[in-house]
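To keep things simple, chains are lettered A, B, C, D, E and F as they appear, and every chain counts its residues starting from 1.
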Amino acid sequence: MLEADNLECVRGERRLFAGLGFKLEAGELLYLQGRNGAGKTSLLRMIIGLLPPEAGEIRWKGQSIRRNSEDFRADLCYLGHLNAIKEELTPLENLLASAHLADEALSEDDALDALEQVGLAGREDLACKYLSQGQKRRVALARLVKERRPLWVLDEPFVALDVAAVDWLAGIISGHLQRGGLAVMTTHQLVAIPAGTVRELKLS
Amino acid sequence: MLEADNLECVRGERRLFAGLGFKLEAGELLYLQGRNGAGKTSLLRMIIGLLPPEAGEIRWKGQSIRRNSEDFRADLCYLGHLNAIKEELTPLENLLASAHLADEALSEDDALDALEQVGLAGREDLACKYLSQGQKRRVALARLVKERRPLWVLDEPFVALDVAAVDWLAGIISGHLQRGGLAVMTTHQLVAIPAGTVRELKLS
Amino acid sequence: MLKIIFAVIGRDLKLAMRRQADIVSALFFFVIVVSLFPLGIGPEPDLLRKLAPGVLWVAALLATMLSLPRLFADDHRDGTLEQLALAPHPLGLVVTGKVIAHWLVSGLPLALIAPVLGVQFDLTGDGLFVLTAAILLGTPALSGIGAIGAALTLGLRGGGVLLSLLVLPLYIPVLIFGAGAVDATVSGLGGEGHLSLLAAMTFASLGFAPWASAAALKIALE
Amino acid sequence: MLKIIFAVIGRDLKLAMRRQADIVSALFFFVIVVSLFPLGIGPEPDLLRKLAPGVLWVAALLATMLSLPRLFADDHRDGTLEQLALAPHPLGLVVTGKVIAHWLVSGLPLALIAPVLGVQFDLTGDGLFVLTAAILLGTPALSGIGAIGAALTLGLRGGGVLLSLLVLPLYIPVLIFGAGAVDATVSGLGGEGHLSLLAAMTFASLGFAPWASAAALKIALE
Amino acid sequence: MIYWNSFADFLHMGGYGFYVWGSFGVTALIMAVEPILVARNRKTTIARLKRQLRAESRTPTE
Amino acid sequence: MKDRFNLYRFASPATFYPLAGTLIPYFAAIAVLFGIAGLYLGMLVAPTDFQQGEGYRIIFIHVPASWMSMFIYLVMAFWAAIGLAFNTRLSGMMAQALAPTGALMAFLSLWTGALWGKPMWGTWWVWDARLTSELILLFLYIGYMALTAAIDDPRRADKAGGLLLLVGVVNIPIIYFSVKWWNTLHQGSSVNLTKSSMATTMLYGMLLMAMCFWMYSIAVALMRVRTIMLERERNADWVKAELAGDVQ
């Protein structure tokens, strides 16, 4: 479903990688590896279409993501370094607003349920600025609970999470793969994803 | 050397902990544990004197850190969630400026050496905004290479680092302990510190 | 299409309400700047009456401009902007919503309080009416043009001042016709011509600015 | 003691140079605002000459104010401020350095360009001299007072406008005496009294403001 | 003792009626409205706090 | 030692709350009494002023309002200083309770002054030193309220607001002495303990009105502080007990 051919990435004056390609099918996880500065985040941003590649092409369902970008974006869920939550809003409001803006239907009950699953029960109505680093990350991750789009792109999703939350998230990702979803992910922590095929891609 | 008695922390309307105390001697590491939102960061900020405790006292070398705050700060090195580097400056300039402002003597050679040790050789003259997440963290950590102040307080220092860098940092910390330094640290990643006595403190 | 615009407006207004300070303070800035002038210039009422339209318009312009840097900056910093750019509809629509919300928060209140301030400068009934109408018609153009500047300077340190550098020259026509409308009315020439020019500028900028801003935002996100 | 002040000044100036936009843009803002007024008010030379001191001072004040929110915000956001607060010397010294650097970047250039702008408003030789002197003497007070406001509103969303709400009223005396000095000179009364009051305000605020700001910063860091 | 000849004189205030009564009127208004607002605010606050207290006693948070 | 303990006890919200509750009616009653007496003397008994005609009667609220606007600010600054020095909880609440009343007093001073200025000076407003500094006072009140409202953590809000209050205190002597330091339109001080230039009925009327304003301010501030206490201390046991009972 997701294919990349001959990608090249140049940042500043450095060529980070060239001639890079991969293919990913339903139910598969692409696990990007590489030391700090290898270009993982850059590659992810190419995949989601925010960073135009120097050379090469990325295709989703056989179509270039440049050309069919709205269709592609309707199938995509991205989670970056940044949490994309508003400090002034409560976790519940954040979750509803982000679903709203991404044109997804999410009922308030579903949202409350998702927040409970990420362990924020009792804090639904506290403005996010009062949450700890890990709790903020959990609000961002709550989006994934009800997310049914096929392609997930996750940039270091485990950062700042405690052990219990890491396990929970690994479970969520493998659930997605089992449902036939695709995922692209980077992380420096070693986390086993209990289901699905894992392809590794090492940048260096 | 570092003692805390009967500390109480209230954030918003929640009492995070109360009656907390510990003692830490030269060569010892205090490893704070607890789930997301347990109050680790809050406790660290109390220890460095930025957050006044609701009740209780913290003493360094037998003196309250409130009263003798300048002496205490001369012995302290803190590294928080945030990297405290300037995006416009190069790694070298950042390192020199932060030493300067903290009233430490650091020669340019020493600084270059430190940057090489954290694996930023060849990037000393690139503005920090062009560095990857992990590389920025490394710039912040470069301070520790030549740091000889006795008390280190580190809030999740391993975040965003790749495996090699995590090992390197563990080495740096144990070197500090071996020289008779003290350290207080939190992390959700399991990292073995090869030397020194480790005391664990679990918040919940 | 309208759904997404309303969703954005709703969210931005909720954020503005949550911060409270936002709405009240933009207004206060306007009021204070307007009151500063007599301080610097002296209290002669005749002089003041002459100055009124110019001062009110310059203050409105500065008040709008002051709130511009945050138009996209907050969303950029916390990563929401990426998410908006990745949503399955054109980014221009989202920006349209943000521009409208910005006007509701920063332009509309100015128009509502302008008559009160105008009275203090001894403006007459007709002049007051045209002043309000001009501000009401002109401020959306300020928000629209400002959005382009805000998007272009997004993420640049020192962007706030750079932004004013880019935007102020483009604001000048609005200023001239806005103040001109009041002047013309006061001197009995009738301000309709000026007002319809203002309206034209507002429509043009509301139609065009969101798409230019969206393009600039995509560049900022690369 | 001086060493740390100079270290801070050095770093802040280097950052300002690196961003470039900073210095040039504060100046440009000043120039543009001053040139906007004739547009909003009309070109009568007599009127303009009367307005000159007021308009120049209000513009200087706004230009200074516009750069205030970033005085501590950048250092706060990236964690540098915590490190400064933890350094083994009083935070007030650090703030003194930052205030001086802020003035060098945002106040001094205004004083240097003011005579050029004054000429355009038809000011005479004496008036020009006093104008420059007044801006030179008064802007450090603006930076000092502004630092308190910037520190108090640090980290508050919508802080930029709240900041102007807090700071502008305190700027009023500087504005009155600054514009008064020029007015008095132009009308032949001699502006020395006003100038010495300005100097007094500057000294008082430079001595006092950094410590008040330091206290406010510690509160913001809690 | 009383200085005024008639009530109309009193209202007229020697030609300054508008200014004097404008001052006294607004002052009286403010001094009447402020306590009412404070009392109202107090009532709503208490009602809200009571509601919160009840909600909390039903669902103990952690 | 015993004294200190007592002071400390009254500085604690749990003791102060009921005390304030009992005091409010007394202050309100005294305010009404003084008000009636002051108005009787000032509006019905006092003769006209030969220079200003009946317009001078605005003095009976202008001066008390001006005095209170300055006095309340000083009291707030006093509480702020106590709060910053000793970290007492009550002081921040007192300052916040006083602020709206102080702002209203400043507004009244400006309003009545403007209404007075129109017939006397021929203009509503001039930018003279006293008028300007009084306007700054109003802005300081508003700035204080905006700042404390913008900070969610009440203790942080108290500290930041307190600092602002202390910084703004320089404005008070400027207001008070501005008529001496600068040659302005505004009238100089005419109340003087040793020798007063005013008719005695006028003087007494004005002083009675000033007492009325003072007592009124105390009563309203105490009412407000009680609400703030409940809100801030809502997790304390005494508030829970209070709320469980029949609070008014």
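One rule holds in what follows: a residue touches a chain if its C-beta (ideal position, glycine included) is under 8 Å from a C-beta of that chain, and two chains touch if they have at least 3 such contacts.
Here is each chain with its UniProt name: A, B = Cytochrome c biogenesis heme-transporting ATPase CcmA; C, D = Heme exporter protein B; E = Heme exporter protein D; F = Heme exporter protein C.
Quantities reported herein were computed from a predicted structural model and do not represent experimental measurements.
Residues touching across the chain C (Heme exporter protein B) and chain D (Heme exporter protein B) pair largely coincide in numbering: over half of the numbers involved belong to both copies. In terms of the distance between Cα centroids, chain F (Heme exporter protein C) is separated most widely from A.
The busiest chain interface, judged by C-beta pairs in contact, is C-D.
Taking the CA centroid of chain B as reference, the farthest chain centroid is that of E. Distance between chain centres (mean CA atoms), chain A to chain D (Heme exporter protein B): 46 Å.
The mean-CA centres of chain D (Heme exporter protein B) and chain F (Heme exporter protein C) are about 33 angstrom from one another, to the nearest whole unit.
Taking each chain's centre as the mean of its C-alpha atoms, chain C (Heme exporter protein B) lies 38 Å from chain F (Heme exporter protein C). Touching of two or more other chains is recorded for residues 19, 74, 156-159, 162, 165, 168-169, 172, 176, 222 of chain D (Heme exporter protein B). In chain F (Heme exporter protein C), the residues that reach two or more other chains under the touch definition are 127, 132, 135, 139, 142, 146, 150, 153, 234. Among the residues of chain A, those touching two or more other chains are numbered 81, 87-88, 127, 130.
Taken together, the chain C (Heme exporter protein B) residues at the contact with chain A in this complex read 4, 7-8, 11, 14-15, 18-19, 74, 77-80, 82-90, 94, 218, 221-222. Chain C (Heme exporter protein B) meets chain D (Heme exporter protein B) in the complex at residues 19-22, 25-26, 28-29, 32-33, 36-37, 39-42, 47, 50-51, 53-55, 57-58, 61-62, 66-67, 69-70, 74, 156-162, 164-165, 168-169, 172, 175-176, 179, 183. Those residues of chain A whose C-beta lies close enough to touch chain C (Heme exporter protein B) in the complex are 48-52, 70-71, 73-74, 76, 78, 80-89, 93, 97-98, 100-103, 127.
Only residues 19-21, 24-25, 28, 32, 35, 38-39, 42-43, 45, 120 of chain C (Heme exporter protein B) touch chain F (Heme exporter protein C) when the two sit together in their complex. Across the complex, chain A is touched by residues 11-12, 34-39, 41, 81, 119, 126, 130-135, 137-138, 156, 159-166, 188-189 of chain B.
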